[in-house]
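The two complexes that follow have subunit A in common; it is paired with subunit B in the first and with subunit C in the second.
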Partner chain A sequence: MPEPSPESGRDIATALADDEHRHALTPASAGVMAGGVLSGPETERIRRKGLGIGGWLCVAWLIVILFMAFFGSKIPGIPDPVNDVTTPRLGWGASGHPFGTDGQGRDVLSLIVNGTYNSMYIGIVSVFFGLVVGGFLGIVAGYFKGAVGGVLGGMTDILLAYPQLVLALSVVTFLGNSVFWVTVALAIVSVPVLARISRASTLSWSEREFVLAARAQGAKHGRVMLREIFPNVLPAMLSIALLGVAVVIVAEAGLAIIGAGVNPEKITWGNTIQSGITDLTDAPNIVLAPSFVIFITVMALNFLGDVLRAKFDVRESAL
Partner chain B sequence: MSARRRRSNIGEERFEAAPLDGPLLDVVDLKTAFKTPRGLARAVDGVSFSLERGRTLGVVGESGSGKTVLSRSIMGLLPKKTVERSGTAMFEGHDLVTASDDELRGLWGAQLAMVFQDPMTSLNPVMKIGNQLTEMLRQHLDITKDYSRELALALLQSVGIPEAERRLKEYPHQMSGGMRQRVVIAVAIACGPKLLFADEPTTALDVTVQAQILDLLQEQQRERYMAMILVTHDLGVVAGRADDIAVMYAGRVVEKAPTRTLFGAVRHPYTEALMRSIPKLAAPSHTKLTAIGGRPPDIINPPSGCKFSPRCPYVQPRCIEEEPPLIDAAEQGHAFRCWIPVGTPENRAALDANVKAGLESAIAMAAV
Partner chain C sequence: MRTFALKLGRLVFVLIIVTFLSFWMLKLQKQDIVSTVAPNATRAEQERLRADIGLKDPFFTQYWHWVTHFVQGDFGKTYTGAGAHVTGVPVSDSLWKRLPVSLELMLYAQILALAIAIPLGVLTAYRNGTMFDRLSNVLAFAMLAMPAFLAALLLVIYVAAQWHVWDLPTQYSGVGDFPLNPFTSENWKQLLLPTISLAVAQIAIYMRLLRSDMIATLQEDFITTAKAKGIPARRVLFRHALRPSSLTLLTVAGLNVGALIGGALVVERIFNLPGIGGRLAEAILGKQVIEVQALVAVIAIIYVLVNFFVDLLYTVLDPRIRHARAIA
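Right after this comes the complex of A and B.
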């Protein structure tokens, strides 16, 4: 192959430059140049595609749960759990009692429906508290990496290392076993978990250049945390919070089973399971029916948390 | 009168501050070092320059030469705990080196602003463009929400964003890199800063957009009579746009001069090497690109003498023993750090001697 002479080299260079020039004027490349303009509505359409069948099933189940929580025995066909007492320990599919009755003759379906409010209340309120307090502490700890971060991080680690069941147990034992105190106990347990996650997320976000850019524009620390970091940390926090609600619902049941949960007079899913423990061999439906409801609810929350996390993950769609 | 009515204007702020005589920014012997487990990393080591209003200083150097650290150090954006700074950087009567955080916060955005390298990461991904602009405006200028919207719209239009109205409601990921960099520039100039740092503003963009962004910066700078420090590794970028150029190597300014002078009469071997490494369109195809052999020096344990000596084709014993000071050249405003500057008979003799001695960089240089 002959060596290209300087002359032909220059020709190629000019030809290339010409080609580039022409190319820039064709409509096709104009479309590419305007890519930013076109991609706007397009990306929106993709992102709004929805939750998928699984996601909508989860939403449907959670709506059923909310319905049960707010209407309880007002739903037709659901007997009153306290006053309508019949034969104890009826099995699956007894007439009028599809899930049977418990040791005191209470309708299990009615117990589940009426327990929804308390169980969900404990789950949602305690995680919300954990989200607010833990999220705040986590962002502050992650943003100020120095002494403040060290102290807060250390406190979080101590709380995490302390056996959570014992922590919840002691709160309930010393302060009382009302729905409120059980909620407080589980809220305290959930704070360090959520603080940990928001701290980790903040650590990575606060290294990003836009945080430095915000500071270079004269934003104060509080403003940087609230406006720059918090909105970025929030999606991850929310999906973790949904999982957290599921964990707390299970924890409520766990506390009830070892007798350290909400006062047995109150109807919760955990207490319903607890009341069936002694009759496990004769009437397993008393334990299995509410367990199954918890199982479905936890699955729905976990799945929805995952779907939402994927949907709101900015990094996936941004780059 | 209520605070809401007291609309201060962008233009107004400019006339409030210090007297107009003397340079806007006067940096004297600025040193910035990072504390590392291996020792102090002297990223900026005794840099001095001054910058007048409305002028552009191009800071050029390869990766690791300290140019980004220089701009962040002057701004005061580096973490306090791990960084040691000394020297002075006088900006309108404030010494930026000793200024408190609160003092700096008042200057940031309003007087000093920065355009960052990568527009993909310097905008908040979850905040609408409009909000990122109005937030900045409302923080520094005591204005109403509606008025800040108007200003934001005008700003977007002035940086050449089509359909600005609609863009205000969009998120950064819906825009291309060039558009984002325009937004970043709009945010930076929003409050009419007197000094704009542009830290490799085009490095992350493709070549066709680079020129547009640089033109935009220049146009805004002229219109607003801002001073600008344009940091880049590309001499071609600053060639037509900077009034003065400072070439940095290993944390020091090795040569500084007005742009024309520098390109006309290069004195420092490093500047010469940088110029040689610009690819030439006229060169035959398959020509090997000229590179600078070796690597940038370790700034924790820098070489003795001239920092460029290990890579210099003209190196002489004196260069290794003794570090050259900044020597004034014949031309006005031209200074360099070299014992045997390019273009002198001594320099030619040094090259010949090095070729005979078999120094690789000298042989490569002589072959061109």
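Right after this comes the complex of A and C.
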């Protein structure tokens, strides 16, 4: 088919379609992390009232988690995971060991409590890094649409061309399996996701009148980005970051199960699951207890992320 | 045609970068590569391996050597043995036998997830706000938070080991004899539980997405028109309203392949399936970094290709892009 004037009418339509495509693309990267969970009326209710019982339960759970992370074995009744070793593979509800013991006789509850620090550290630090770097790149890319945006967009696209877990796994394998490198690996993975979200959000805000007004008053680009756009993009980024922490916690466990997780001598939730993988039939409690803790934590983070999104009216289309 | 050429150009560019990154990542390793893959070999043997792999060449020569061999299906070797005799087995040997298992598992999971999510998504959108909608909302919320490994562990421990509802996959010693044919019951016996555990989270993602998309579509004028014409509700829902949402669903399904790959690696490990995930775990354990590099590159390339085809399909399906072509 001959193409008489490739530049004329075509571009408006494809630009539209491309734009649409991009919108469809972005909830997906969020969708990979977690889709919107609350329904319309639910969202409405949250905006009007507050967290509700579910929300407060989630907050309470996260406080328990943080408490566990900070105090570990100092909490009374929690044995030391390394020194207090007893009969291996005790089941649920054994006396003194409510979650039983693992293959080496370590108390599973104590492993969970003491693993919280590392797991949460990996989750929070890597997502924070992703938030800072990805947010910066995304806002710059969305604000300067032309060449800068194209180059930055291309860079994030290439990082997104790797399946997340596979990218993290190779970083850990080649660079080392300390808590530091696992955190770095998962931070690298979260950068493009957060960059993409903040870019899409910036695109929708940078067209608004108040941005134009700020420019007209002579504000420099840096100031406009920091003072006008950043505060508006932040809620969307924070809600995705909450989901991101959940994803990273799951990824840490996944890496541990594949054998590319944190050094097995360190206690994390993932390593506790990994240590019980060979005892699935004899002592399912070893793998199930930490898995359920991860499950509940992910649920709490997802819920709060959604609440945040509803509160600040982060429209799905802007994501 | 022009958009296709552009997309193809971008594909080639991304492939070059992805292979380069995969290659470069191994070079970032602090330890010497040969002493990592064959730590117990003699010095002379290590020297021989170093020359054999081509580690003495300049960086870009090495990359070129690696890429050209890679394209021809030579992914490097995995090394066994010690002392003066280290033997290298080509990575491709096990790769070609294991890759189909992983791909089949992911395909099944994707099909199962869509088959359950589409009707549920349409129905919840149609019955928006009812008891049924709320119940599936809560269920989806829980499913969304459930990592694939938890679903897999629950299925292994309860359904297979304790209740004996379904047999665990048999352990295949030789990966070649895995029953790949989807029309055999043996194939289903092996893959049903892994498929379910992979599909759980996907079902929730697709369902939520389709629901919110459809609720918006159902308020459009053409739906009212269709209803006014007396077309039965089922036809309006599945023929008229589902069509515009299918594009979003397709894109997300394509992008989700990345999450699916990650999930499949973990699930394979739990079920001991002879797929790529199992091999990858063994390679990591045995410090066969060259093999890890090759497998990572293969997985990344597959992912890039899948997204390329989804993108193409998208262009074909979206009427506005078709029209755009007609205008041009």
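Following the convention adopted for this analysis, the second predicted complex is superposed on the first by the 263 of 319 C-alpha atoms of A that agree within 3 Å, B and C clash if a C-alpha of one lies under 4 Å from a C-alpha of the other, contacts with A are read in each partner's own complex, and residues count from 1 in each chain.
One rule holds for everything that comes next: contacts are C-beta pairs under 8 Å (C-beta built on N, C-alpha and C of every residue); 3 or more make two chains touch, one makes a residue touch a chain.
These figures come from a predicted structure and were not determined experimentally.
Engineer: As a test of reading the superposition: which chain, subunit B or subunit C, is in touch with more residues of subunit A?
Structural biologist: After superposition, C is the partner touching more of subunit A.
Engineer: When the two structures are overlaid on chain A, which partner does A:I53 contact: first (subunit B), second (subunit C), both, or neither?
Structural biologist: Neither partner.
Engineer: Counting only touches as set out at the top, which of subunit B and subunit C does A:E228 meet: first, second, both, neither?
Structural biologist: Once the two structures are laid over each other on A, A:E228 reaches subunit B alone.
Engineer: In the overlaid three-chain picture, which partner chain does A:A213 touch, first (subunit B) or second (subunit C), both, or neither?
Structural biologist: The first partner, subunit B, only.
Engineer: Mind working out whether A:A147 is in touch with subunit B, subunit C, both or neither, as first, second, both or neither?
Structural biologist: A:A147 sits against neither subunit B nor subunit C.
Engineer: Common interface residues of subunit A with subunit B and subunit C?
Structural biologist: 4-6, 8-10, 13, 17, 24, 35-37, 39-40
Engineer: Using the touch rule from the top, collect the residues of subunit C that touch subunit A in their complex.
Structural biologist: 1-3, 14, 17-18, 21-22, 25-26, 28-30, 128-129, 133-134, 137, 140-142, 144-150, 153-154, 156-157, 161, 204-205, 208-209, 212, 215, 247-248, 251-252, 255-259, 261-263, 265-266, 269-270, 277, 280-281, 284-285, 289, 292-293, 296, 299-300, 303-304, 307, 314, 318, 320-321, 323-325, 327-328
Engineer: Over in the complex, which subunit A residues touch subunit B? Could you list them?
Structural biologist: Interface residues on subunit A, with respect to subunit B: 4-6, 8-10, 12-13, 17, 24, 35-37, 39-40, 43, 146, 208-210, 212-220, 223, 227-228, 231-232, 314, 317-319.
Engineer: Flag every residue of subunit B that touches subunit A in the complex, lowest number first.
Structural biologist: Residues in contact with subunit A: 75, 77, 81, 105-110, 112-114, 116-118, 120-127, 135-136, 139-140, 162-163, 166, 170, 172-176, 179, 184, 187-188, 208, 281-287.
Engineer: Tell me, which parts of subunit A touch subunit C in their complex?
Structural biologist: 1, 3-6, 8-10, 13-14, 16-17, 20-21, 24-25, 27-29, 31-32, 34-42, 157-158, 160-167, 169-171, 173-176, 246, 250-251, 253-254, 257-260, 273, 277, 280-281, 284, 287-288, 291-292, 294-295, 298-299, 302-303, 316
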